[in-house]
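Chain naming follows the written order as A, B, C and D, and within any one chain the residues start at number 1.
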Amino acid sequence: MAEYTLREMMTIAAARQIRDNDIVFCGTGISMLAAMAAKHISAPGSVIFFETGAIDSLLAEVPMAVADPRVMHWTSVNGSLADAFAFMQNRSTGRQVVGIMGAAQIDRYGNLNSTVIGDYFRPRVRLSGSGGACDVASFVGRTIIFMQHEKRKFVNRLDYLTSPGWLQGAGRREQAGLAAGGPSVVITNMAVMAFDDTTREMYIMAVFPGISPAQVLDHMEFKVDIKRAQTFAPPSAAELAILREKCDPQRLILG
Amino acid sequence: MNSDQNKIMDLRTAIRRFVNAGAHISIGGFTLNRNPMAAVYEIIRQRITGLHVYAHSNGQGVDELVGAGCVSRLEIAYAGSGRFAPTCIRFRKAVENRSLAVEDYSNYQMTLRFMAGSMGIPFLPTRSGLGTSIIDKWGFSAELRKTDPKIPNQKLVVMENPLDGWGDADRVVLVPAINPDVTILHVQTADAQGTVRIQGLTFADVEQAKAARCLIVTCEELVEVDVLRAAPDQNQIPFFCVDAVVPVPWGAFPTACYRYYDYDPVYLNQYRQAAIDDERYRTYLEMFVYGVPDHHTLIERVGHRRLEAIKADPQTGYAVNLDRR
Amino acid sequence: MNSDQNKIMDLRTAIRRFVNAGAHISIGGFTLNRNPMAAVYEIIRQRITGLHVYAHSNGQGVDELVGAGCVSRLEIAYAGSGRFAPTCIRFRKAVENRSLAVEDYSNYQMTLRFMAGSMGIPFLPTRSGLGTSIIDKWGFSAELRKTDPKIPNQKLVVMENPLDGWGDADRVVLVPAINPDVTILHVQTADAQGTVRIQGLTFADVEQAKAARCLIVTCEELVEVDVLRAAPDQNQIPFFCVDAVVPVPWGAFPTACYRYYDYDPVYLNQYRQAAIDDERYRTYLEMFVYGVPDHHTLIERVGHRRLEAIKADPQTGYAVNLDRR
Amino acid sequence: MAEYTLREMMTIAAARQIRDNDIVFCGTGISMLAAMAAKHISAPGSVIFFETGAIDSLLAEVPMAVADPRVMHWTSVNGSLADAFAFMQNRSTGRQVVGIMGAAQIDRYGNLNSTVIGDYFRPRVRLSGSGGACDVASFVGRTIIFMQHEKRKFVNRLDYLTSPGWLQGAGRREQAGLAAGGPSVVITNMAVMAFDDTTREMYIMAVFPGISPAQVLDHMEFKVDIKRAQTFAPPSAAELAILREKCDPQRLILG
């Protein structure tokens, strides 16, 4: 069986979530790598775009930022921030967009904090802030979330709600006035979590090989349903080959 | 609004004339691309303080202004420089030791605020942020807002849709217009009159430019009026928006300028190393900013070898196979 | 939203598939420039009726749709074709004999309505029209509006500025978003996937395109994907907005297509002569629209000599010294 | 003394109103010609732009419409309608704009009707509608208005108020929420009319040679002050030469 790193498995786990014809909103790092991998593996018709306005970039080299000149080469259109976010807020295009994002804290409904740890006015740790994350989470059809599985990150109460997930549960997004979409999966270093269609609460969909649902729970402040947990099918040799040779040969992201 | 035929001036004069202590400013670019770094370093060199800065994800330039103590208030969506600094280090220190007042928005909200300013309307609506802390947590208190006529009384306003739910929207967020005293852009080409041509992504530069009361444009290349007039579909900013045209080769260094040069990983990594330690940061400022009379000297100090390494490949517009670790 | 790699189809199929009786549509261009005339003539030929048309100053194309009886409702800012028809003649007749329901806005208001639709927000604010009859006189009654879910309950809403007069504005006009069932553009170049490059002024084409549920693009030239990808700064509409790509040389005739051909003064003057008389207009329709199977045949009927006369000069993009009386 | 047509005199009268560094919003026909003449005569630094988005067009030939391809050649920027109107609504650029416009009806406060004659719902004559006229009149620093001097055109009550002038008089624009600017002069086939700085009511500033203020009043439904009426200085040979040779050699507009 093929050897692989955890980072590689997480990337493939996200890539498998991307469908053909999705428009994929990417950040930097592992999220961009997942989108590149999906395009080569399962979703050749998917389109990668960036909040900076680059649409369907060639990505001959891995960008180090969403404003990296590498995202501007051989696109369909080089636009602006205003254009990129309007595509997501627009109902017809927005519903086709899947956003890939990360955060410092997540709660049971997939709400995210990427602004501050501790009190907003007396921060223990100040983070980068929303960037486009709040916009994407407000607008698009589906989001895929990357997290490190740690108690201090899977919390009962966020220090700051930067990006809306399912808010306080079923129906709350619509009540708030947000688009119908929301978080689809959370991919961590231990498992893949999903959200219940009726309650919108997080549950364990699959654990990575050698990890037990109980171990996963040990790394979370809140309890989630483990009954649906299956074992994750590890990345295939073919998936790994594409990821390593086509997407990040310099291992800038894979390390 | 300025229709002079020749707006060329040197950077020192442009900054002295248009950027005063306490001014409300915005800078162009995004994270590690096309920040007007020569202008940023000149502002630091002139020790201009008390700036109120409006930023979406302006990255490196904002962190250096904050690090040098030029900024007292910052309205921002994202303080990071891509893989080189997921969170800008001097920004983080300044917020944590509460020497900097911050108001948080999203990138689209900040973009819409500049757009509203450029359009001459008080606000623009969006569905972004409903249900989040961006709505309830105000970095600038209502009291502060009431006392300062240069900022709106509200961070934003959530309003029921007055068009009976038209557009499948019950509620919208109204974000207030921004009209900076001055916006500073670095672009690839401009002419003496001020017509601007940006290559590659424009980010929010055009909105920031048109929203500003004064506009300083630094450019890689000053070209003849005819060069830009022959293909006006590719120009973004008409000359009458521009107050100063400042030719500055390598003016975005150490950030990238598409089709001219890439970002410099060496500089950005050294910056990160310096930024995490106050003593080392002082040394950095002495060596690379206060210690040089102008951007040209900084570029010379960086040296031919590194500049060659980041020169853009004419096909792709970036430095192919550049070592970016 | 459509990511197919090949969206090429013939005009008859595209119109049949996307333009149904009673559809809400908008067409690109402005007065006598870049109207999608081949598509307009095909709609007339297919005798599609009951259309609800959204227009700013779309000119010739709108007048021909109205003249042929395809349109039952029109929301418009300006019905004219420059010096050839200060007021579009068939439009004027239709309004005066009350066979056409009209709602009046200004050009900027209509532009903002398309922009709001493209941005996915219910309205955009402006200061335009305060104190005018555009605010109080509603061409579509409140009753009609209440009964038709496809149009908003209000023509527009005047609102006090909820940001305490921020932006030096006490009051704004909110104009409702438009999301047409289909928008039809004629452009200079597109590729099979649907990426669009417009040359010269874009008018409100880009906003109209992004606001629409379906988008038909007719183009002078179909080019390889690589041609457009090599200079993406010059492209305006990404392929995923486009549903049909229809190559139609002379597709804007008798209106102009910058850098390809000028408007045809002969045709536009003949049209005006025909339009003022119902009998002559019927003859015009028989000869130039119903009487020809497709645009190619119309162009052949116009003849080589006149086409040569309006061919664009490569330097200026129009026909220099064309007799335009 | 130079021979000239009425149309030529009206064009020169408008051209003389344009100052250096004005940004001139133009329609077609005589208004465009006036702007072109001003640029060659008294205001070389003035900028001609069109609602269609063309800024500082070369105008080697007279355009027949504001969307004529002739406005797109050798501009500073080829933009869009959205750009053009935003420049006018924007306070810093808008206040520098002078708009030149015409209409079918005008009232004593310079409000204009270009939409309909008779009842809006049972029109006697349907006109083109606002186009950009309402926008320009709402936004810009100054407007110059061309009119034919006829009783049915200078009316007590407009059938439809398409473009705001001084509305109901002093202070009313500000109360309505419009920009501070407003109508500056009205140029007709008989006279040049201006608006009183305090009352904002129309008055006769100058009558054309051979015309008496009384004759002007005979062509208006409402009375205006004639005490300030002077005699208009006819176009000079130099002005006429530029207009005829540089601006409209084919006499497309001058006839």
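Going forward, a residue touches a chain if its C-beta (ideal position, glycine included) is under 8 Å from a C-beta of that chain, and two chains touch if they have at least 3 such contacts.
In this text, all values refer to a predicted model and were calculated from it rather than measured experimentally.
Distance between subunit B and subunit C, defined via averaged C-alpha coordinates, is recorded as 38 Å. Centroids of subunit A and subunit C (each the mean of its C-alpha atoms) stand 40 Å apart. Look at where the CA atoms of subunit A average out and do the same for subunit B: the two points lie 28 Å apart. Multi-chain contact residues of subunit B (touching two or more other chains): 120-121, 126-127, 168-169, 172, 179, 200, 233.
The multi-chain contact residues of subunit A, meaning those touching 2 or more other chains, are 72, 78, 89, 91, 139. Viewed as a contact network, the protein chains fit none of the simple shapes, being neither a path, a ring, a star nor fully connected. In this structure, the chains touch in the following pairs: A-B, A-C, B-C, B-D, C-D.
Taken in their complex, subunit B has these residues touching subunit A: 29-34, 56-57, 59, 76-84, 86-88, 91-92, 95-96, 98, 104-109, 111-112, 115, 126-134, 137, 139, 168-172, 200-204, 206-207, 256, 258-259, 262-263, 312, 316-318, 320-321, 324-325. Interface residues of subunit A, counted against subunit C in their complex, comprise 21, 23, 45-47, 55-56, 58, 72, 74-78, 86-87, 89-96, 139.
Within the complex, the subunit A residues that touch subunit B are 28-29, 51-54, 60-61, 63-73, 78-82, 85, 89, 91, 115, 120, 122-135, 138-139, 158, 160-164, 167, 172-173, 176-179, 252. Residues of subunit B that touch subunit C in their complex: 116-117, 120-127, 152-154, 157, 159, 161-169, 172, 174, 176-177, 179, 199-200, 233-234.
Residues of subunit B touching subunit D in their complex: 1, 3, 5, 118-121, 179, 193, 195, 210, 213, 228-230, 232-233, 235-241.
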